[in-house]
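Comments concern the structure below.
As written, the chains take the letters A, B and C, and residue 1 is the first residue of each chain.
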Amino acid sequence: MELLSRISQLVDDVRKKQPLVHHITNYVTVNDCANMALAVGGSPVMADEIEEVEDMVSIANALVINMGTLNKRTVESMLAAGKKANELGIPVIFDPVGVGATRYRTLIAQRLIEEIKFTVIRGNISEIKAISGVQATTRGVDASEEDSSELKDGREAQRLAQNLSRKLGCVVAITGAVDTISNGEKTFSIHNGHPMLSKISGTGCMCTTLIGVCCGATDDFILGAAAGVLIMDLAGERAYESLDKVCSGVGSFKVKLMDQVSRISGQNIVEGAKIYEV
Amino acid sequence: MELLSRISQLVDDVRKKQPLVHHITNYVTVNDCANMALAVGGSPVMADEIEEVEDMVSIANALVINMGTLNKRTVESMLAAGKKANELGIPVIFDPVGVGATRYRTLIAQRLIEEIKFTVIRGNISEIKAISGVQATTRGVDASEEDSSELKDGREAQRLAQNLSRKLGCVVAITGAVDTISNGEKTFSIHNGHPMLSKISGTGCMCTTLIGVCCGATDDFILGAAAGVLIMDLAGERAYESLDKVCSGVGSFKVKLMDQVSRISGQNIVEGAKIYEV
Amino acid sequence: MELLSRISQLVDDVRKKQPLVHHITNYVTVNDCANMALAVGGSPVMADEIEEVEDMVSIANALVINMGTLNKRTVESMLAAGKKANELGIPVIFDPVGVGATRYRTLIAQRLIEEIKFTVIRGNISEIKAISGVQATTRGVDASEEDSSELKDGREAQRLAQNLSRKLGCVVAITGAVDTISNGEKTFSIHNGHPMLSKISGTGCMCTTLIGVCCGATDDFILGAAAGVLIMDLAGERAYESLDKVCSGVGSFKVKLMDQVSRISGQNIVEGAKIYEV
């Protein structure tokens, strides 16, 4: 109860504070992330030129680093912006898209983790396994079926999140059919969302953006991570409910997902969230 | 009346002439700009490799330079394309996204303005202030609340647009709750649009694209700028009207905005435009 | 009949096999391509850093190379990924966007064709003409009206597709009002689709993605190409049918196109396809 009312408060605060979130992100889902940030009440800015990222992050309330379409040029910008954010005490959210799929991605993820102190890391179970050095079966940018099946039980994901969280001193969020969020001490399990969220591109990236916006409006980062994940999950449920089942599909679902994020309030969180400390 | 019928004519001409508009733009809103150009009757082409931009702009009817996600590589392409367009008498539209937010952006905007003769510059009030060398309070890529409040009165925006227009010898369009367009001699004020336009990413960029398409079909560039702004404003009003208020949000609004731009005609301009010479 | 049932079977197989399709593509339509791949049952991954493209393509079932926004950096990645795919026997689909519009595009297309053995090349008639060394009148990225008018008769497109197919030893698909697909021996003509498909950005790119996904689930690549084109065409027809004609436009059409691709089944192909061997 207490937890829910704090998350609810944060969701309402975000609309008042309009946190500015600097993104260094991929070119696949960047527009969806910008619109998500606006829909939830934040203000997105995307900038990846090394000459300006330190200036840009200095005026931001949070930094999102997403490695969906990595390249050598922007890796240097990620490092510069991340270090500057650390210096200024600005939260840095990391989305290690596709880590484990190629040696380069794994290498860069390691380098980013070594040189930047992340506030929150969000990934699917394959990605979090790869980052943890556990054998993962990443296939492209989606979680493998093998890895996903472990989510049903939940204990494996909880252990993973806790261990990585303790090792890196940051909040870890594993999203999937069930979501697990840990700061090493407390661990939460979220039983919301809808399977259609996995049928459109970029819901992982958008969730990371929502976490970024929420962390830009609080100092309690496990709360920020939980709020971001819950907003995405509840908006997904409500989008599906409002869908005309006779002729709709993924296109309409994506539009309605955006609609629902723009309509969500703290009160909706209180009413719909299924979040449990484990 | 005479003005409205000329804008109306231009909007209809655009659908016949299908101007080809070369964009060197950011990767956040580029898809929306391409679809906007098509929706209004133009033909978009995006190309930013320095080896080809001069060839590409040579077959275009207008060039749009948008600095949303600047980087060193594409700045050189912007310069090359802009100079070629100047040489060939092709109109060049400039969207100085986020100028003032970082020193790099301000520097690059200055360099572009020095080396390219722009036909139209469109920005929000914070951006136009920054370009004018007036103290602005740019926060990321959105106009600051402080600066926006000045729009209500209007005289400050009119003075800014006139002065910058005279200084650079180009049309200046300041968009916001009220839009101001000046070529130094004549200044127009547009009282159309809808607040939801500021709730989705890229409406500024899309407006610049619309101006680009319109300027690709006329030699009267203040008319082209006014037509582009009016199309966006009226489509925004009509999109909001057609919205199901019970369960819609920003996702549906964006879809309907695109719908309305694709349906707009010169007749709609005559019926709905609130444009005044000031 | 036999042909239709094989295409129908392939469309259903795609949903079971979920082919992973590595894209090196442009930043204009990349999000639409990712969502199309997911909608039809595939799994998209976008990666263009030369350090990782060989690793990425090695785990993929098909590679799509789309030159919409070419630059020197990604050309090298295209070459590396394409050669690796050839080595491993992974099908490579080429979309020569805008070839002929600039000398650079023509040069790069030639270089890609010389160094990579493509499985399928898909383009509009202006692009296929330019690649064939026939005088084309490419205007930006859309087929010219002159070239398009030749599609009505069909024999010119058939000859072009057959000749290029024999010359390069690959399947050639020319899409437009009528689609022509040839492997040099057999040539098919498809009379499906809807004019609104040309009113939104990226339907060519999305069609190439659909071909990529289908070719990732079969060894019969002319079948894969035909399936991809038919999915796009039939989804376009069904999207238009389901459109509210009173207030809809290109925005709604695009959403419904995505909806229909996500709903399409082999049975729909059997019922709606108008494909003929010529």
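FYI, a residue touches a chain if its C-beta (ideal position, glycine included) is under 8 Å from a C-beta of that chain, and two chains touch if they have at least 3 such contacts.
This is a predicted model, so every value here is computed, not measured.
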item: Interface numbering overlap (same over half, different under half) for chain A and chain C; value: different
item: Rotational angle, Cα trace of chain B fitted to chain C, multiple of 5°; value: 120
item: Whole-Å gap separating chain A and chain C, where each centre is the average of the chain's CA atoms; value: 33
item: Multi-chain contact residues (two or more partners), chain A; value: 27, 31, 254-255
item: Residues of chain A that touch chain B when the two form their complex; value: 20, 22, 27, 30-31, 34-35, 38-39, 43-49, 51-52, 55-56, 59-60, 73, 242, 254-263
item: Partner chain C, residues of chain A touching it in the complex; value: 26-29, 31-32, 68-72, 98, 101-105, 139-142, 199-202, 247-252, 254-255
